[in-house]
Structures are given as structure tokens and as C-alpha cells.
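First chain A sits with chain B, and in the next complex the same chain sits with chain C.
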Partner chain A sequence: MTPRLRFVLQLGFTLLVCLFMIVPVVMSVLAGLTENYFVGLKSGLTLRWVDEVWALYSDTIWLSIRLALACLVVTIVLGVPAAYGLLRSRRRWANAIEETLLLPVAVPGLASALALLLAYGHYREFRDSWLFILVGHVLFTLPFMIRPVLAVMRSARLALLEEAAASLGAGFWRRFLTVVVPNCMSGILAGALMVVTLSIGEFNITWMLHTPLNKTLPVGLADSYASMRLEIGSAYTLIFLVMIVPLLITIQWLGRLTGQRH
Partner chain B sequence: MSAVSQQRPQAGAASSRTPVPTAALRGLGHPALWALVPALTLFCAFWLLPFARLVLMGAEVDRGSGVSAYLAILTHRQYLTSLAATLGISLVVSLAAVGIAGLAGFFLARHRFAGKSLLVASLTFPLAFPGVVVGFLVIMLGGRQGALAQLSLWLFDERWMFAYSLLGLFVGYLYFSIPRVITTVMAACDTLDRSLEEAARSLGASTWQVARDVIVPGIAPALLSTGAICFATSMGAFGTAFTLGTRMSILPLDIYGEFTNYANFSMAAALSVVLGVITWIALSVARRLAGGGLGAPA
Partner chain C sequence: MNSSVSIDLEACGRTFAGGHTALHPLDLNIAAGETLVLLGPSGCGKTTTLRLISGLERPDPNGRVRFDQRDVTPLPIEKRKVGMVFQSYALFPNMNVAANIAYGLRIQRLPATEIQQRIDAVMAMTDLKGFGERRIDELSGGQKQRVALARAIAVRPRVLLFDEPLAALDAKLRDRLRIEIARLLKELGITAVYVTHDQSEAMALGDRIAVMHQGRIAQLGTPQEIYHRPASTFVADFIGAVNRLPVLAAGAAGRLVVHGGELHSPHLRGKRTLYCRPEDIHVVALDAAAIRGRVVESVFLGQSQRLLVDTGSDAPLQVDTGSRRQWRAGEAIGLAIPPEVLFHPEQQPRTEEVAHG
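The block that comes next holds the complex of A and B.
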């Protein structure tokens, strides 16, 4: 086999894999914009289905955005100090604690949600509010905030900078807010993108925790897939993609940027 | 030195002889540990304690069989076959994903050509698609009005479908596994010492020999770890299975069914704990091997 032929074969294989990933997405987008998918593209393109989805499900979209932002605030407030605490504790303890906090990611969301539901489900007011879903999202996304922040803290010679600040007389809070936080901004940004993306797309926990009045975007998606015509499900998926793909591209771009720096 | 600094922790900043900064930080070590308290409190209140209760609940008597739910899983055919099916499909999916995406990932890591970054982007951006969306994409491929059905109608005047079967589940799991494997394999290939490959080649090894004896052993930890992540993700993939139809006997669907349809809480709890332990072990293995990455879930 000549190198040329091998290259072409491998490229062909990779393109096939790529087609497998892309074709269904393209089909779904087209179906969401087609007048009648059963007839095909010749029935004409339309935004009618997108409008209909907006009329039916816009509250799920707003709830998802609200949840994602709230989740982001909570994970920053809890996660950045936690990462700092891990940085300052002995490596063995830090690893054990990090591993423990990772449990809600390691265990399927369905199981975590079931545990939450059986423990707190009878507090009606809590169970019926969107905060119940928020708790699930925070548990699940917290490690994704702690991990990048801790990584930046470990590589940023934070100890040295903090020592300098301490020797100049800065107290703990001053050091934390003016030295620690600004120096791990890149980690916070990476974590924030991940947290928002995961929160917007979270289904396994949310499906168990949602109530008819508190439906998030993915819950609405499942609902429309099960009970609406294909065009509506597709248009809804299109809206979801428009929300999430820019976030994903930014994450990839940021990852490549930091990858190059190392 | 450390003894001295511990004796007068607050004085460190002012004193001149002892290495000032270390002393200053030692003394203020406690607030740093307090920083962990809020996160750990939330975790204990809303995850650790509820899950501990779930573990205990699983030991309670199962409504259907009258024995402890954990025991019922081991003694009842229905649960055992569902457990075996879930394990089986997850294992096959991980192997297939590592094979397919490993090849593509290695190719992408080793060649430069026009449009490569676009190819990489389109192969990896579905990484964070939630399971429900992946399920819907499988329907677009193999459902009643899917790509395959349209193609087969046009070619043979028959409607071919696979979305609502175990094969549909397989395709869906493969869909969300491929991006994970590709990103890991590409990163692993970048760190692999290329001079080893060149040395093997200059000693007369064929391409296959180089692949078998140099490359695969070199990235074996990455392959195993990403395979374990795919396995764990597939085991717990509720969204995809849920979208594709609830008639399949798969562990996540069983848990959901026991909880919502039969209100059999002890059985739902026991199955959840079993599933959780399996995915936790798989992910621990993955992390031991790779030393990083959280394995974003589906």
C-alpha cells in the first residue's frame, strides 16, 4: 500500500465518521425549517415551526437560561473558594475531597435525582420551586468549575504572589479578592462556559425533578419529541442548537488557546 | 523552620530573619480551609445524605418479591437480564467507539491538510449534546421518516427502521461516544514521542508493525481510559433511551419505570445504587489511567 493510498483511505474513513456525526444534525435543522418534512424540501422553507415552538415552549427556554445563570453564580461563589481550599490543603486530602465532590458526576443523574427526590420531595414548597432543580444542577456542575480553577491556581505561582501580598500586610479577604480571584480568571471563564453549557443541556436529573410548571428546555424537548410532529421537535432542537453551539465552539477555542500556551 | 513559624504565626510578616512569606501563609491556613465549608455543606446536605438514604432504602423489602431489593436483583431474571443487556451494550459501544474514533483520531493527529480544523470541529462539537437530543438525531437517521427509511423507500420501496430497537440505542450511544474518544486520542497522540515511530520505521518496521508495537502501546492508557468513560456514560444514558422508546429493558429505564409506574421505591433505589457503583468504578479506573478529565456526561 502506498502512503498516498493509505492517506486517502484513512481520510475517507474519517469523512464517513464525520458524516455520521453531521448528517442527522443537518437533517434535523432542515426538518425544522421545512413546510412539510414528509413531502420534503420542495414544500418550501418556513419559520412557521420556529414560531410555533416559541409560542408553545418559550417559558422553558427562559427557565433554562435563568437556571443556567443562577447555577453559574452559585458554582462561582461555592467553587472558587473550594478550589482555593483544595489548593491550600494537603495534596492527599485535596485529592480525596475532589474525588468526593465528583460523585454526582460519576453516578448517573437519574440516581442522584432519585436520592434528592426521596429525601426532600415531601417539602412541597421546595419541591415545586425551580430551586429544587437548581440544587441538582449545582451538584452536578460544581466539579466542572472547581477543576479548571484549581488547575490555574496550581500553575499560576499563586503561592508566591500571595506571599508577596501577605508580606505587605494584606489580610485574607483582601488577598483572596485582589490576588487569588484575578489570577485565576481564565480558569473561572473556562469553568463558567462549561457550567452554563451543561446546565442548559442537563436532562437526566432535571427530568426527575421537574414539575409541570417548571419545565426546562431539554424537558420540553423530550416532551415535543414524544407528542408533537417531527417539524416541531426539529425546530425546537434548532433553537437549542443555536443556544448551545456558540458556547461549545468558544469552549473548544479556549481549550486550543490554553493548549498552545503549554 | 516550620516549628518556629507555627509558634508565632501572625508575626511572620513583621519579622525579618525567618523566611517571611511561608510563615505568613502558614498562620493564615485556617481561613483557606474554611473556604471549603460552603461547597462541602451543600454536597453533604443534598447529595451525600440523600444518597446514603438511597443505599439503605435499597435494602428494604421489595414490593414485588418480598425480599430485600438488592437480593431481588440477583435472584430475579427480569433484573438480571436488564443488567446484562445494559452492561453488554455499553461494553460493545465502548469497544466500537474506541476502534472507530481511535482510527480517525490518530489520522487527524498525524496529518495536516486543508479543512482539517473544520473536520475536527464537526467531529467534536456534539460532545455536549444532551442524551435526549442524541436520541432525536437517531430518530432522524433511523426513524419512520428518517434518512434510512427515505433511502430504502426510494431504492426498494420498503421502509427500513432501526431507531426504536437495541440497534437504535447502539447508534445513539456510539454517537455521543465518538467525540469523547476523538478528543482524547488526538491529545494522546500529540504527547506521543514521534521519534520512536521514526526509529521503528528506519529499522524496517511496516506501518502495521509501527501501529501495533509503538503507537497502540503508547496511547493504551488513553484508549482504556476513554473507553471506560464511554462505558460509564452509556450505562447511565437515560435521555437517549427515554427518547427512543420505553419498551427496552435497560437499567436506567427500569429505574424510571419502577419509580414512576410502580412506585416501588426500594427497587428503584437498589437499581440506582447498583448502577451508580458500576459507573463510579468505571470512571475511577478511567481517572487512575489518565489522571485528568472529568468525562462530561450525556
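The block that comes next holds the complex of A and C.
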């Protein structure tokens, strides 16, 4: 087989796989913009469905963004010190705790949500507020913050840097904020990317925990698929894409920026 | 520019959780302004001693660390005002050179103008002018260690602590930086404790050297004392090369019979083994030689050559001599060993007690 032929075959295969993955996205996006999907594109393009989704479900979008950001803040505030604690504790304990933290990811979301409902469901105020969903999201996403941060901490020889900072007179909090946190920034950003993505897309736990007044975007999406025209659901997907893609690109860009600095 | 302090360790031992004793209870007095080198193989307790002085580790319950007679044992490192230089530099990669140096100064809340003055001053002292804006990963190993040094002295510490600062550098750079550190320590007149496993570094830098072995001080003394009057065979072996000459029998008139000939050494009568350094053995004409042997091998070292001479004992005699004359293997050679260069470690007073203070 000549190198050229091999190249052409590889390219062909790659394009085929791309097509397989991209076509459904394009079709879904187009469905959201078509006047009547069953008639097809010749029925004309419209933003009507997007408008309608916005009118019906904009609050779910805002809630999802608010949840994702709140979840990010909480996982950073809890996760970075937790990773630091694991770094400083004995390896055997640290491993056991790390695995335990992963449990909410392994256990079906429905089960975690049910457990939360059983334990805290009777606190009405709490149960009805968006914070209840936030708890579920934090449980689910926390290991995705802790693990990359811990990995960076382990490779960054933090203990030594801290000793140097201490010799220069820095107490614990100053060391933590000026040496520990800045030197695991790449881990925090990698974690942030995962946390935000997972929180915005999370369905299982959220579906169990949501109330009619607190619906997130994926729950709304399920709702619209189940009860509305196909065009509405598709327009909803379009909005979801428009929202999440720039967000992900920004976080990755930030990650590359700090990656270069080290 | 520094108010340097004296350091006293009293019964400072260090036993780790698993029961491993890194350091047996140890007394050590370091005078203000003195440079003490802790020298020894890895695992001898030298780094542990340094960490006890720094405050990075605490001694076992009865141990006390004093700076200028003041008990600092309970103080953590950040309260002890010590400057520390590490083997692997430990520079903050998230800051540039100037920010690294300024780190300790900012903690002291000095005015910005003074911070800048101090940065300029220490960068001039450590030959780093113009490097302020450099990122840490743009520096060579030698430059990194200079920055670490500048960062440590910028805060005007009471004590400077070095943990094998040159071990990661290549030989040439190591020599240069060693000379610079020596000059800097003289200029600053600061109390310094310097950990190394490199004997030439220890000799060049130390006012005194503490040779450590298995968690104890094997000998404490000036470089000359340590080298010429080693207190134990361990010290003699660790510092430089040493020849062992087993005594076979007592000869006539206070002479001692060894492999290859007889030696005159009245002060070592009754010893079973004599010791001497390779450079103290002279090559002489065969007919005037006290000891005769055959050259096994010669190693050319540039300024000298080391000969291995077979005198009939288990280990060949090591002899350092001028490098111009070429010796062939098997050639007969005559040697002379003056009595004053022969020593026997156990005979020496333990300099530990003598050399205090």
C-alpha cells in the first residue's frame, strides 16, 4: 500500500466518523430553524421556535447558568482545600477518601437524589429552593475538581515551595493563597471545565430534585421533547449549544494561557 | 548589615513515627557569624539537624534550640527569621525573579521604595542585574540558585541555612558558585549552617565542620583538624583518601614492620594499624627507600598523579606524586613516609569537646 493511498483511506475514514457525529447535530439545529420539519427545508427558515423557547423556558436557562456558576464556586471553595488536605494526609487514607468521593459519580444519579430527598426532603424551604439542586450538583461534580487539582499539587512539589515561603516569613494562609493556589491553577481550570460542563448538562439528579418552579435547562429540554413540537425541542438544543460552546472555549483558552506560563 | 545570632542545640534528637532515629540527642554550639558545615553521607542526620535549626522540624521532647540564648524551640520556621537555600531551588514558578526576591519583603510590609532598593542591592550582590523581569523557567540552574540566594538574604535573616545548594549543578558552576557563596558569607558576616556531602565544599566554606555519621557527630573541628587529625577511621575515610598500613611486627629501635619495609614512628608504638594520606607519601630513590613496592597502576590527574603501589598487603598503597614522571606498571618504586604524617584515629582527642565555641 503506498503512503498516499494509506493517507487517503485514513482521511476518508476520519471524515466518515466526523460525518456520523456531526450530521445529527446539524439536523437538530436545522430542525430548530425550519418552519415545519416534516415538510422539510422548503417550508422555509424561521426564528419563531427559538423565540417561543425563549418565552417558555428562558428561566431554565438562567437557572442552569446560575447553578453552574454557584456549583463552580462551591467546588473551588471546598475542593481546593480538600485536595490540599488529601495531599498532606497519608497516601493510603487519601486514596480511600478519593474513592469515596467518586461514589456519587458511580452510583446512579437517581439513587443519590433519592437519598437526598429522604434525608433532607422534609425541610420544605430548602427542598423548594434551587440550593437543593445545587447540593446534588456539588456532590456529583466535586471529585472532578479535586482530582485534577490534587494531581497538579502532587507534581508541583508544593511542600518544598511552601517550606521556602515559610522560611521567608509566610504564615499558613499567605502560603495557601500566594503559593499553593497559584501553583495549582492549571488543575483548578481543568476542574472548572469539567464542573461547569457536568453541572449544565446534569439530568439524572436534577430531574429527581427539581420542582415546577426550579427547572434546569436539561429538565426543560426533556419536558419540551415530551410535550411540545419537535421544532421546539430542537430550537432548545440550539440555544443550549450557543450557550455552552463559547463557555467551554473560554475555559480552555484560559487553561492554555496558564499552561504556557508554567 | 545583619545582626547575626549564635545557635545552640541542646539534646536535640529526632525520632520519626516509625521509630527510626534520624538523630541521636545532640549538643552543638554555633558562634555568631560562624559558618558551620554539616558533612556526611546520605542518611547521616545532617539534613535533619538543619531542619531542626530552621524550625521545619521539632526535636524530640527534651531537645532545645536557642538563638542567642533565647529558646526558639516552639517557634515555627516563619517566626525564626532564617533564610533558607534548597538543593532544588524552590523558587515560586508563578512569580518572576523580582517578585520571588520581594516575597519576604512584602510580608514584612516594607515601603515600596525600600523593597525596590533591597531587590536592587541583593541582585547586584548575586550578579543578577537585569534579570528582574525574567520568568523562573527561563533561568539556568546556576541563575536559579543565585535568585534563591538573593531571595534568602533580602529579608536580612539572622541565620542562613543551606541544604546542599550546589548538589544539582555541574562541576564548573559548582566551583564558581561556591566561591561566591564564601565571599557573600564573609561580606554579610552572618551565622550560616551549610549541609553537604561534598568534602571539598565543606573544606572551602566551613569555619568548622561537623562530620556526621548514623545520626551522631563523628567529629567537630576546623577543616585542618578534621583532615589531619581525624577522630575516627570513618572520618579519615570519608574526608579524602587514606592508606591503612597493618603493623606486622615491632622492629628494632622503635621501628614498626609493615608490608614493604619498616617505618619509624615512636608516637604510635603498640598500634596495630597506621594511617596516612596519599599526598604525604614521598617517592624517593630505591636505595634510600624505607618501603619498596611495585607500581600497579597510575592515574593521571593533571596537577598530580595517583599511583597504586603493591607492597604485598591486601590493598595497594595510594601515593600522590608529581605528574611529569611516567610510571609503568610493574616498575619498582621506593617510598618514604615521615613519622609526623602517620596517625591513628583513636589516639586523637575527641575534638568535639575541645573545639566548642
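Operating definition for what follows: the second predicted complex is superposed on the first by the 226 of 262 C-alpha atoms of A that agree within 3 Å, B and C clash if a C-alpha of one lies under 4 Å from a C-alpha of the other, contacts with A are read in each partner's own complex, and residues count from 1 in each chain.
By our rule, contacts are C-beta pairs under 8 Å (C-beta built on N, C-alpha and C of every residue); 3 or more make two chains touch, one makes a residue touch a chain.
In this text the structure is predicted, and so the values were computed from the model without any measurement.
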- Quick one: classify A:Ala164 as touching chain B (first), chain C (second), both or neither. both
- Message: So in the superposed three-chain picture, is A:Arg174 touching just chain B, just chain C, both, or none of them (first/second/both/neither)?
- Response: second
- Message: With both complexes superposed on chain A, which partner does A:Val135 reach: first (chain B), second (chain C), both or neither?
- Response: first
- Task: Have a look and say if chain B or chain C is in touch with more residues of chain A.
- Result: B
- Message: A:Asn183 in the overlay: touching chain B, chain C, both, or neither? Say first, second, both or neither.
- Response: second
- Interface residues of chain A shared by chain B and chain C, listed 160, 163-164, 166-167, 169
- In their complex, what parts of chain C are in touch with chain A? 54, 56, 76-79, 81-84, 86, 88, 90-94, 103-104, 107-108, 135, 137, 148, 151-152, 155, 161
- Message: With touch defined as at the start, can you tell me which chain A residues reach chain C in the complex?
- Response: 156-157, 160-161, 163-171, 174, 178-179, 182-183, 185, 261-262
- Given the complex with chain A, which residues does chain B contribute to the contact? 12-13, 20-22, 24-25, 28-29, 31-36, 38-40, 42-43, 46-51, 53-54, 57, 100-101, 103-104, 107-108, 111, 113, 119, 121-133, 135-141, 145, 147, 175, 178-179, 207, 232, 235-236, 238-239, 242-243, 252, 255-256, 259, 265, 268-269, 272-273, 275-276, 279-280, 283-284, 294-297
- Listed in rising order, the residues of chain A that touch chain B in the complex are 1, 6-7, 10-11, 13-15, 17-18, 20-25, 27-28, 31, 37-38, 77-79, 81-82, 84-89, 97, 100-112, 114-116, 118-120, 135, 138-139, 142-144, 146-147, 159-160, 162-164, 166-167, 169, 172, 176, 194, 197-198, 201-204, 207-208, 218, 221-222, 225-226, 230, 233-234, 237, 240, 244-245, 248-249, 251-252
